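Quick notes on the structure that follows.
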Amino acid sequence: MAMVTGAEYLKRIAQLESTIWIDGEFVKGKSTEHPAFKAVLEAKASLYDMVLDDDYADILQASDKNANFSFEIPRTKADLTKRRKATQLWAQSTLGVLGRSPEYVNTMIAIMAGAKDFFAEDGKEYGESIQSIYERAVKNDYTFTHTFVNPSISRKPFYPDGESVEQPVAAKIIEENEKGVVIDGARLLATQGGITDELLVLPSAAFVDSDYLFGCTVPSDTEGLLFLSRPSFGKETQFDYPLSATLEEGDAVVVFDHVFVPWERVFMYRNEWLMSQLFARTGIEAFLLYQAANRQIVKTEWLLGVAQALVDTLNIGQHTHVQGKVSEVIVALEAMRGFVYSAETQAQANEYEIMVPKLEPLKASACYFQMTYARLIEIIQLLGASHFISAPSKKDFASPIAGRLERFMRGEYTSAKEKTKLLRLARDLSISEFGSRQMLYERYFFGDPVRVASGLYHFADCQKQKYVEWVQTFLKKMD
Amino acid sequence: MAMVTGAEYLKRIAQLESTIWIDGEFVKGKSTEHPAFKAVLEAKASLYDMVLDDDYADILQASDKNANFSFEIPRTKADLTKRRKATQLWAQSTLGVLGRSPEYVNTMIAIMAGAKDFFAEDGKEYGESIQSIYERAVKNDYTFTHTFVNPSISRKPFYPDGESVEQPVAAKIIEENEKGVVIDGARLLATQGGITDELLVLPSAAFVDSDYLFGCTVPSDTEGLLFLSRPSFGKETQFDYPLSATLEEGDAVVVFDHVFVPWERVFMYRNEWLMSQLFARTGIEAFLLYQAANRQIVKTEWLLGVAQALVDTLNIGQHTHVQGKVSEVIVALEAMRGFVYSAETQAQANEYEIMVPKLEPLKASACYFQMTYARLIEIIQLLGASHFISAPSKKDFASPIAGRLERFMRGEYTSAKEKTKLLRLARDLSISEFGSRQMLYERYFFGDPVRVASGLYHFADCQKQKYVEWVQTFLKKMD
Amino acid sequence: MAMVTGAEYLKRIAQLESTIWIDGEFVKGKSTEHPAFKAVLEAKASLYDMVLDDDYADILQASDKNANFSFEIPRTKADLTKRRKATQLWAQSTLGVLGRSPEYVNTMIAIMAGAKDFFAEDGKEYGESIQSIYERAVKNDYTFTHTFVNPSISRKPFYPDGESVEQPVAAKIIEENEKGVVIDGARLLATQGGITDELLVLPSAAFVDSDYLFGCTVPSDTEGLLFLSRPSFGKETQFDYPLSATLEEGDAVVVFDHVFVPWERVFMYRNEWLMSQLFARTGIEAFLLYQAANRQIVKTEWLLGVAQALVDTLNIGQHTHVQGKVSEVIVALEAMRGFVYSAETQAQANEYEIMVPKLEPLKASACYFQMTYARLIEIIQLLGASHFISAPSKKDFASPIAGRLERFMRGEYTSAKEKTKLLRLARDLSISEFGSRQMLYERYFFGDPVRVASGLYHFADCQKQKYVEWVQTFLKKMD
Amino acid sequence: MAMVTGAEYLKRIAQLESTIWIDGEFVKGKSTEHPAFKAVLEAKASLYDMVLDDDYADILQASDKNANFSFEIPRTKADLTKRRKATQLWAQSTLGVLGRSPEYVNTMIAIMAGAKDFFAEDGKEYGESIQSIYERAVKNDYTFTHTFVNPSISRKPFYPDGESVEQPVAAKIIEENEKGVVIDGARLLATQGGITDELLVLPSAAFVDSDYLFGCTVPSDTEGLLFLSRPSFGKETQFDYPLSATLEEGDAVVVFDHVFVPWERVFMYRNEWLMSQLFARTGIEAFLLYQAANRQIVKTEWLLGVAQALVDTLNIGQHTHVQGKVSEVIVALEAMRGFVYSAETQAQANEYEIMVPKLEPLKASACYFQMTYARLIEIIQLLGASHFISAPSKKDFASPIAGRLERFMRGEYTSAKEKTKLLRLARDLSISEFGSRQMLYERYFFGDPVRVASGLYHFADCQKQKYVEWVQTFLKKMD
């Protein structure tokens, strides 16, 4: 098996019996037919079909032709280059919008399996767990979502103190026996929660009570597992909301109601030391950032296309301030590309012989894009301006007033309908709830920007020290 | 009559037979019962009731107790102070959100009537027209919307060139006879289009073909007048969208399909010179800006309340960067208040003995708020962060999962439901389509910010010259 | 006596025997003839002459004609208005650049004397001290500088802990007897240190060891008092550095080397409670901010003049981005004016019957100007651009190459020499050490901007609470 | 010969008899001993010595060991990588501050020689000219400066119109004969004008009167050539101004007073078409940007060192806002590195078999650094804050007050003297005239930022078009 068609994928997801609640209602029947999930699942199905398409197979299939690229563990810089192209190709198909393109967590699974000796440091059974999780994923061509953020009471994550035994808030181990462990409590904001094959669970931080420290995967329809999805931002009409109608993916709180996880699915367990090293030593931090940066490059290309299409359609390209705004998008695009080239060129094999992209530029890219994306969206808003307020709907163009719309709202070189279609895309990207969620998603993708910046400050200690010494050496000569 | 109750107002509006199209459908029956208009009309009705409420009468009624304050022509600084308080009081009732609070255009009508001699310079009939328009408005306690922006083909307004005689785009005079004139073409973006008693029409610029130069009012249900409304951003559930559900007001393209306007409704006609002086000499520019600034003060107070409520609920007030963000709102609020106090203190009577607030600080306030409001909204977004993504709905709290929401999503000191209610308000203010339209509305309220800034640059020529001379005098002494 | 001429003032300062060190040298002889101090003292002398000038006397003299305006305690709003005009008039003479215009500390002295009952709460002798300090100041028409910042070891002020008894760092009481107290240690950054008649000393914070809590004045040439001045940013040639050459005022570390202060000069002593209330209850915080805001208004007017003169001379006014930059200066100017009008209009008499400007807008103005001034200076830099690099000197124009400079560096409508003179002024304002110190001075005038913003956040608690309640009331109705 | 020692280089420059005027005085005698030029020439001499130093030879010498790296024409990506390392190594020695490191123009000469067929399109003599210029430069190990900006009357460059025949402003051809051409007029702002071996002259734009279109080199001491240098920003004391005292390089207006240029030094002549293609087709635009980006990387590393040294010395690293500011420097550094890696990885050989770095990321880097450098300097200012105002001088530490400075101004872990040394470096970088000139230099390095952004907008037309088509294809499917 190993590589499935989109149809096979959809069939499998349709058979999942996940417990999902959305907008006060329990999702009965197939998620593939539910209005909140149908579109995104079809979008993902098309990614599966691309893998089997001869036009893309060289890029999208692993070298051994037994899996899609996301399951391949990179060993050389050429592997990274291939992976970059594949990531960007899939992202193009979804406009860089999907937070849980199948590869995002697949890559984590693959890299962790590649670094299985890391987990085995705590007992070889943990190394075997991650390896078998990986093999099963490859064999079945699975998709995952993941969750590691604890519920916040205030914005700070809610930690153990004060939880009653009966009612933990953050998901924790409440029982352990020969066969496995029992988890109770919740984790936040699993994108596509309930509509992926499995769920990857990781701790949110290393230095907490060990009851919170476990890494495992569980099928989405495991008994006791509930997905409390936020209301859908999906829309029906593609003309009016082309993105909301096709790429809304949902987010859910994941509730573990005494969920039993067998040992063979547990690959990390009550080990602060391993947890504190997980992201850096295995390489998954670099790979997650690398995937994200490549996706964001495609998203920025898409944004550049929308921006320039607005400029052309509204015929405002002669203004230097408009040119300046589009130039900002171009600079952001080249900066993101640069971070990725920098990470690739400086990649090095880690102790598990995985070729890991350089972390420094990728951490900087995360910081940069968090700061920049909101400005890119603001540029779209500034280009569209009040056109975004007045944009008519598909129904308007199907009504008796269509003729008047054509007369009064046409573009210099386009019909009112074509112009409106573009405006509605641009506003869906920048001012609809879907677009606003995208903005928040990018802004908080790697965490609170203030903390991400502080993290970068500390991460760069070594580099900073080097330059401080340079300054000190220089100053010694000045007198 | 002169001051009507909210119920009387609603009854009158219900009887209007305006031709409104919205989302492809013709609005049949009473607008007061239409889902797109019901809420805003009720909000406005409550403003009428306030005027007759003893608690507010001193502030909200004109000195002669025969009209609401908006129709009173200010003659003293005390009149301005009273007007400020009244404007802010009405704005509080609608959170500073309504673009067409009844007073906005009423004030224009009143000030123009006060300056009727200005219009009479071109013939005394024009002075009589504006006077009788005013008197009728006072007598009936009317509301207006207004329109002066031409349709844009590109973003630049579309001017005469190239229009065929049969199919003008921008509304223009196509016929003139003893009884009046016939108008054909369109104007953009009348807020509350079709659901006010009358429509005030002004030219969009002074130096254009005189066919485009006319000022008049027409009843909203005049024959041939069509309002093509954009799709409504209204929502049904107040819990989920407290602003969208109560204060969405709509915007419309106004189409004049051979609309006949009798001479007694025309107060300006084919006169470039008058048009070029209209805003400055009558004082209406200052009064429009003054009303807007007072409304925006209230809106900023509301924003400050929402910001601080988020800070309290999410328990993040200890972070200096959070304090800094809230401080930005406070600075903006005091700045806006300052512009208004400045304008009042420096007010001067014009040639028509109208006490006009100083224009300089008000023009600066427009420029300032355009630049600042988007940042204020960004601050709300940054405070709410990913909480805005995951917020549950009213239906969620009415469903079997309510208990889990309370367990996992409560605040430090508030229930999940109370916390969610606030989050949904804050997100309706900052990321819903309603909130996004508000952001664009403020950003473009006085026109493209680039042009508004250029306008301020030129407007300040005299003041700048004074300081240039100071510099030159100083330089003469330096050697 | 009471009001002296500039010449009398200079003569008195020349007789001061302050101990000043600058750039490694002890200042011997008259400070009025020292290159580092001559210019600023002459600039101040001219302020004294203005007071006696019939053209300005109405504004610059107190109502009783016995002192300059700065010593008058405002009792009515009209007094405030007069004070505003006087402050701005003096500031115009020094371009808003002087941090220690005579009135700055004079005003503190006057207001504290007006609130002498405040100090008398701790013993009537303290009330008498401040009153006699004030009377002596009025009688002699004194100028002061003041100091309250402790030396920092790191940027945080250095507090008692760890100081040895023999070598205190921050100035503290080390002895006390019948006649007075002995102070040892240092305070930071007294502007014009050593060249004012007296020095006002206040604690830097309320809640510290009481050894640090004392308020007093001492003559600048008190025995044991040393002023360690930073190197001068002054320049000789007015053509090349018109501001550095005329308005550089110096800053100094003040060292108290066992300085004896008699009781009659001590008006606050070891009293945490009074110190914590000093700024708010007496009104001095509001008056200091009011003076600063009025000075900054004039400085911004000057900046606007320089900006527009650059635009005219370089002939770049047709670019919208240039217009936009100048508009930012105009907005800042109107905002600052607004804060002041707002503070005046809302002024209220305090418990000492002093008419105190409203603190809220003034605290916001401090926050605003800190954030804005650096941008205004950046605008000057962006307008001058590379012209600031290449500007010739006075000597160049007196040399054989003058003709070539005229040929190659002239402006569109100005000679090379006139153009250069303006460019050199603009660069002295924005990129010389003098200009850079001004930029830092404004940025840190009221303290670290991050802390000032946090201070505003807390100060506004009451106002914020009011709006939070509004939000809560609104939310109760939403369901 | 080919590679000279620093001493040989200095000796050669000392023998130059350039005509330089500075601050109204003619530079008599050796420039190497003139206070305005001595330091920078010694800094450059040390670069020459580095080339011959065994530790650096592999990187700094060309592969054939006959010239320094700057004269080597890159043929492979490995050549580019070597060049990057060499550029950064030299830049480290001068802190990335020198605008005219020898390699900057050397590289242009080398690349133009590599593309000599380009010039030969207009006549083979032009190809021969550039080749012989190159060979002579290599043989003698020359340094150049260059000039191409016309004098501006307003900020727009001054073009032919209206110049009288006798008195051209912009340098132009006024005579032509068998042996060569005669040039009269001026060009702006040659860095190190007069103290390099030769001067490279290029037109400032392609589409102008052909009298202005010529490319040539001339020795700096050519008859009729005058350098009107701006006043020096140099300082004597390294302790007080470590950068101004060691790296000030000067800028000059270059006057051609009937300068004769023989044909063998002219490589481009009155050819609009070639001029319009020069930068793109030969590759020099990419190489200039590549050199600049590499230099700016080193400068940013230096800035990061200074920033962190300030943080350590002032002990302020615990504040998140301080961490955030330093993180901005890190992000900028990684972004600049990314642009360079991106340009290298995507490099392609051009029609002259020169391996040219990809232009897109380099043009974006220019735009990015222009926008970013001023912020980096602002960060230094914000970290140093008022410490920059009060910093003592070397003389202070050599005077009797040194003990008091140590007592009152020491750092938490450093002596007052060490702390001051760092502060004086940081302020020399950020607020001295030297530092301010650096800020303007980077901001205008590639021209007015508004125009550079517009240039990028147009340059990216092809890429933008691709993404617009993607958008259009997507929209076709939406209905």
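As written, the chain order gives the labels A, B, C and D, with residue 1 at the start of each chain.
FYI, contacts are C-beta pairs under 8 Å (C-beta built on N, C-alpha and C of every residue); 3 or more make two chains touch, one makes a residue touch a chain.
Computed from a predicted model, the values in this text were never measured in an experiment.
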item: Chain pair, A-D or A-C, that carries the greater number of C-beta contacts; value: A-D
item: Chain separated most widely from subunit B, comparing mean CA positions; value: D
item: Distance from the mean Cα position of subunit D to that of subunit A, given in whole angstrom; value: 42
item: Distance between chain centroids, defined by C-alpha means - subunit A, subunit C (Å); value: 53
item: Per-residue overlap in subunit B, given as positions that touch at least 2 other chains; value: 319-321, 394, 450
item: In the complex, subunit B residues that touch subunit C; value: 92, 95, 238-239, 242, 245-246, 301-302, 304-306, 308-309, 312, 320, 323-324, 326-328, 330-331, 333-335, 337-342, 344-346, 360-361, 364-365, 367-368, 371, 394, 418, 421-422, 425, 450-451, 453-454, 456-458, 460, 463-472, 474-475, 477-479
item: In the complex, subunit A residues that touch subunit C; value: 319-321
item: Residues of subunit C defined as touching subunit D within the complex; value: 21, 23-26, 151-156, 167, 169, 186, 188-189, 226, 228, 230-231, 240, 251, 253, 255, 314-316, 319, 321, 374, 378, 381-382, 385-401, 404-405, 407-412, 430-433, 436-437, 439-441, 443-444, 448, 450
